[in-house]
Amino acid sequence: MKMPLRGIIPPVITPLLSDSEIDMEGLYNLIRHLVSGGVHGLFLLGTTGEATSLQYKTRENVVKRSCDLVAGKIPVMAGITDTSFESSVEMAYCYKEAGADVVVVAPPYYIPVSQPEMIKYLEDLSAKLPLPFILYNIPGYTKHHLSVETVNRARELGALGIKDSSGDMLYLYSLIEKFKNFPGFSVITGTEMFIPETIIRGGHGAVAGGANMFPRLFTDLYEASITGDFEKIKQLQQIVIKIYCTVYNLGEYNSRFITGTKCALSVMGICNGYVAHPLSNFQEEDKRKMEKYIQEIEESLMQIKS
Amino acid sequence: MKMPLRGIIPPVITPLLSDSEIDMEGLYNLIRHLVSGGVHGLFLLGTTGEATSLQYKTRENVVKRSCDLVAGKIPVMAGITDTSFESSVEMAYCYKEAGADVVVVAPPYYIPVSQPEMIKYLEDLSAKLPLPFILYNIPGYTKHHLSVETVNRARELGALGIKDSSGDMLYLYSLIEKFKNFPGFSVITGTEMFIPETIIRGGHGAVAGGANMFPRLFTDLYEASITGDFEKIKQLQQIVIKIYCTVYNLGEYNSRFITGTKCALSVMGICNGYVAHPLSNFQEEDKRKMEKYIQEIEESLMQIKS
Amino acid sequence: MKMPLRGIIPPVITPLLSDSEIDMEGLYNLIRHLVSGGVHGLFLLGTTGEATSLQYKTRENVVKRSCDLVAGKIPVMAGITDTSFESSVEMAYCYKEAGADVVVVAPPYYIPVSQPEMIKYLEDLSAKLPLPFILYNIPGYTKHHLSVETVNRARELGALGIKDSSGDMLYLYSLIEKFKNFPGFSVITGTEMFIPETIIRGGHGAVAGGANMFPRLFTDLYEASITGDFEKIKQLQQIVIKIYCTVYNLGEYNSRFITGTKCALSVMGICNGYVAHPLSNFQEEDKRKMEKYIQEIEESLMQIKS
Amino acid sequence: MKMPLRGIIPPVITPLLSDSEIDMEGLYNLIRHLVSGGVHGLFLLGTTGEATSLQYKTRENVVKRSCDLVAGKIPVMAGITDTSFESSVEMAYCYKEAGADVVVVAPPYYIPVSQPEMIKYLEDLSAKLPLPFILYNIPGYTKHHLSVETVNRARELGALGIKDSSGDMLYLYSLIEKFKNFPGFSVITGTEMFIPETIIRGGHGAVAGGANMFPRLFTDLYEASITGDFEKIKQLQQIVIKIYCTVYNLGEYNSRFITGTKCALSVMGICNGYVAHPLSNFQEEDKRKMEKYIQEIEESLMQIKS
């Protein structure tokens, strides 16, 4: 595995037939779609991957099957975030066995933790992990915002980087600033609207949910950000904005970016669109709207290429 | 099981030797202490029971062992709250097998859910449960505040009641008001400071963490509230306030009421005080303070009796 | 003025013809209605009085005219809360001249203040005030929650008490507990649903918005709480709950308790219902609903008396 | 006045000798410093200008004196945000008389307002204003987040633009996107860390507090953002980050960016550092730290020029 972790790393959705059954054909299509789209790594079993809605055995199958399909071409990260310390450790061993390269650790999310408790947690956890880890900041889901000091302690404990999904750009910039002299430590945004900003300021990459559908759009945007091609950045960003205003904006519930992404992939014929409880599956009417959105986005992508 | 559920129902702490080992002798002592203290039921594997910090097999053992010890003398409820729908259902079957009478359901706590998603979740879940259930509102931990309408839908789906740990007395009163004409539906407060208010307004009981240590104090307070013995209520409330200001106020982290309760039980010789990750175990200095607190509270209890 | 401040103290609404014109006849009717209704004091220019929406000269007229009408029969308090320290001091001098007995001080509400800044503010302000003051905790409006320590510092600086409109009963109880040995210091709830609880626990009174319309209901509830007449408390509370569910629940905006109270008083023929910017005045349809509500409440009040 | 409003517009601090006395010499120095530093406009009496802490007559003097000093060289905007609608209108007339070109309107900040109430407020206010206005979004202070639809309504009512101090970059981007086809409507960030992002995405300028001290740094950064000189942007941003980590980070209270900016200007010999209540003035020790910070920043600025 090349270091530091960088580039476009989709938070892979988990294709499902039901709460407990993986859509195996869909997973095959999706992984192939992503790898051939040029992404730089995969992040399995994050928030977008509905990890917490799945049973452990289902999660293990997702990692195993995905790693088989990737066959070492790009690094595979897998989330082990859990409220139970012991279960997180067990998952890490499972995922190593299944072929994952890195595990991803967000704070335990039921009992609210303070920064000192989080540091103690990371000290104890990192000592037991059989794989390298990256931190994952997503306070909207875990109720805990990792302080820059806590992130730095994680770095000392061996973390390879941090994925920040706080949506707080000042915090993201302060991470980039703090760790600019630690070349092995990656700062990766989880907010796909911030890709050019992150790269230009010195960050390393993005966990971009939209790359599930349009991997090439995001890898092109990443490349344009590295080379400073502002004309191209502007064109590609317009399409990212379009995705926000359509795919992520269908339905009325908070987590509609997950439901929307799965619906889009289903409309594109890549995999089943089923979302597990507690999310609600889209109705036919929404699917027809999504078809129109996808067509428009694909047309915009065509125009840029030509 | 007598209906409706009422009285003092301690949220039983889980005596532990480590994150994965139950303190079996401690559990034996604790259950005996509670049953002989006159409590009206037990609530296993709630927030105070650190359910989310324990692996499923550990949780199952807790329920099994506790039900064996209770031997049907009082109803046993057990929490099946989980982010995975399938795991919640599996736990319910396990706990029924282990001897539990009722399961307790809070909203799934990672992905934020809207009220309509919560209602859909309850409709699907209640259809699959092998035991009756009560709802559990604890927005500080689940990020979701159950609306009165959602609670009413749960009642229609067969819920036996609701335990409210929001700490919001106006909400608690609106629940009592709403369900006063449904005699089979219990409104139970999770805020032990609100016991007389809850009972006098027409509520049914309390899940009172302090009853782990002093069951008789709380059952006496419950009885005094029913009979309207205001002199006695005043005396007993002073001791409840004392518990808040000492046992629940030691240490500086949010969940210190859990750590404090376990430390107090350890100081009282009932069980081990170990708390699982992500909570931090108390240091010696705190334990010495706790010894002093417990002694003072026991002296106050003596004075009332004499 | 008798000490400590206690009983039912309505937060008097300000009858208006427009943003800048007082409804003088309405003010006359309202003050007469309140004094003859047996209230124990008046609180002018609080949140319910729309103080911050009025210009200083208008506020001064409200205090002057009201004090003339009260003619010393009961204590008059007037809010001087402002973002400008100098303006607060100026208002205090004005209101003393106009005949007020006590001024009411909430934290300045634009710039967020910390507890130490609030203490410094109170030290400097109390040194300049020509009248005694009471503190006013209303974090939903000021963004600042007064800590028990800050309240205690205010007591040392001469505060006669605190009005708590946080809606947080645990905080209210902790105030009562903290100040139970300071007989000159009043703890007054701003949440009218908490009147019996406040009085029975040892608090002193309530700033009850509903007393604008039904002063006798609230003074009766206060008396019943003092004598421990629980049958009567129950009956009267049912009507308070009714007010919450109707008068305060009409319209969809946060501050509908202000608009609703003014609309109710207008329907009752006591004063004009105009609310100043930024609140929105009710439409005809709402007024018709309000007429029905008032009629129902008045009938319930009749039944109790007979 | 040239349209649209664009460039670097400092939120001018108000030099004070006490809560009620303007430091006239300081104000003279500061305005001269800003105009000669090349800023494109001034924003008087915003949050950084401590408007809400000052009495109306003081505010009027600030506008009058500043406009005299500017003498029409650049546009002057002045804040009329107030909880009283009538006072806002009065201020607008005063400031027009005093020479201001534009007034700035944030939501009234005591009573929480809904979006429909805010729209009604803007409709009524805009009809009475004698000067053009720009909107001001600062939810951390006003508790109200202006929706994109409300901003659009303001545009229809004649608003010249919006200053966004939410710190929420996704919102800022959505404003730029929404109004990109309305060339007369300016989108101006209130977060100085976002200057290059704002300009490159198509926004118009920044209300940058740091421009009080270092106007040339910010106008250079604005120019570099327009021409796309990324090497220069990087160099200048390093100094902006330095200001965040030093000047704005001294002291422990939320509003330390105001106190810090005033202390820095005092250390630079430009004006008195006094802050009005409820803010706390710095102690000597902090001033010595500030001297060191200013020296370091000035050295960094020198190195870039050479």
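In this document, chain identifiers A, B, C and D correspond to the written order of the chains, with residue numbering beginning at 1 in each.
Just so we're on the same page, a contact is a pair of C-beta atoms (placed from the backbone, for glycine too) under 8 Å apart; a residue touches a chain by one contact, two chains touch by 3 or more.
Because the structure is a prediction, the values reported are computed rather than measured.
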item: Mutual neighbours - chains that touch chain A and chain B alike; value: none
item: Furthest chain, CA centroid comparison against chain C; value: A
item: Centre-to-centre distance between chain D and chain A (centres being mean Cα positions), rounded to whole Å; value: 37
item: Distance between the centres, which are taken as Cα means, of chain D and chain B, whole angstrom; value: 51
item: Junction residues of chain A - those touching two or more other chains; value: none
item: Chains touching one another, given as label pairs in label order; value: A-B, A-D, B-C, C-D
item: Chain B to chain C touching residues, read off their complex; value: 167-170, 173, 177, 191, 193-194, 197, 200-201, 228, 230, 237, 241
item: Sites on chain B touched by chain A in the complex; value: 19-20, 47, 50, 52-55, 83-87, 90, 107-114, 116-118, 120-121, 124-125, 140-143, 252-255, 258, 276-280
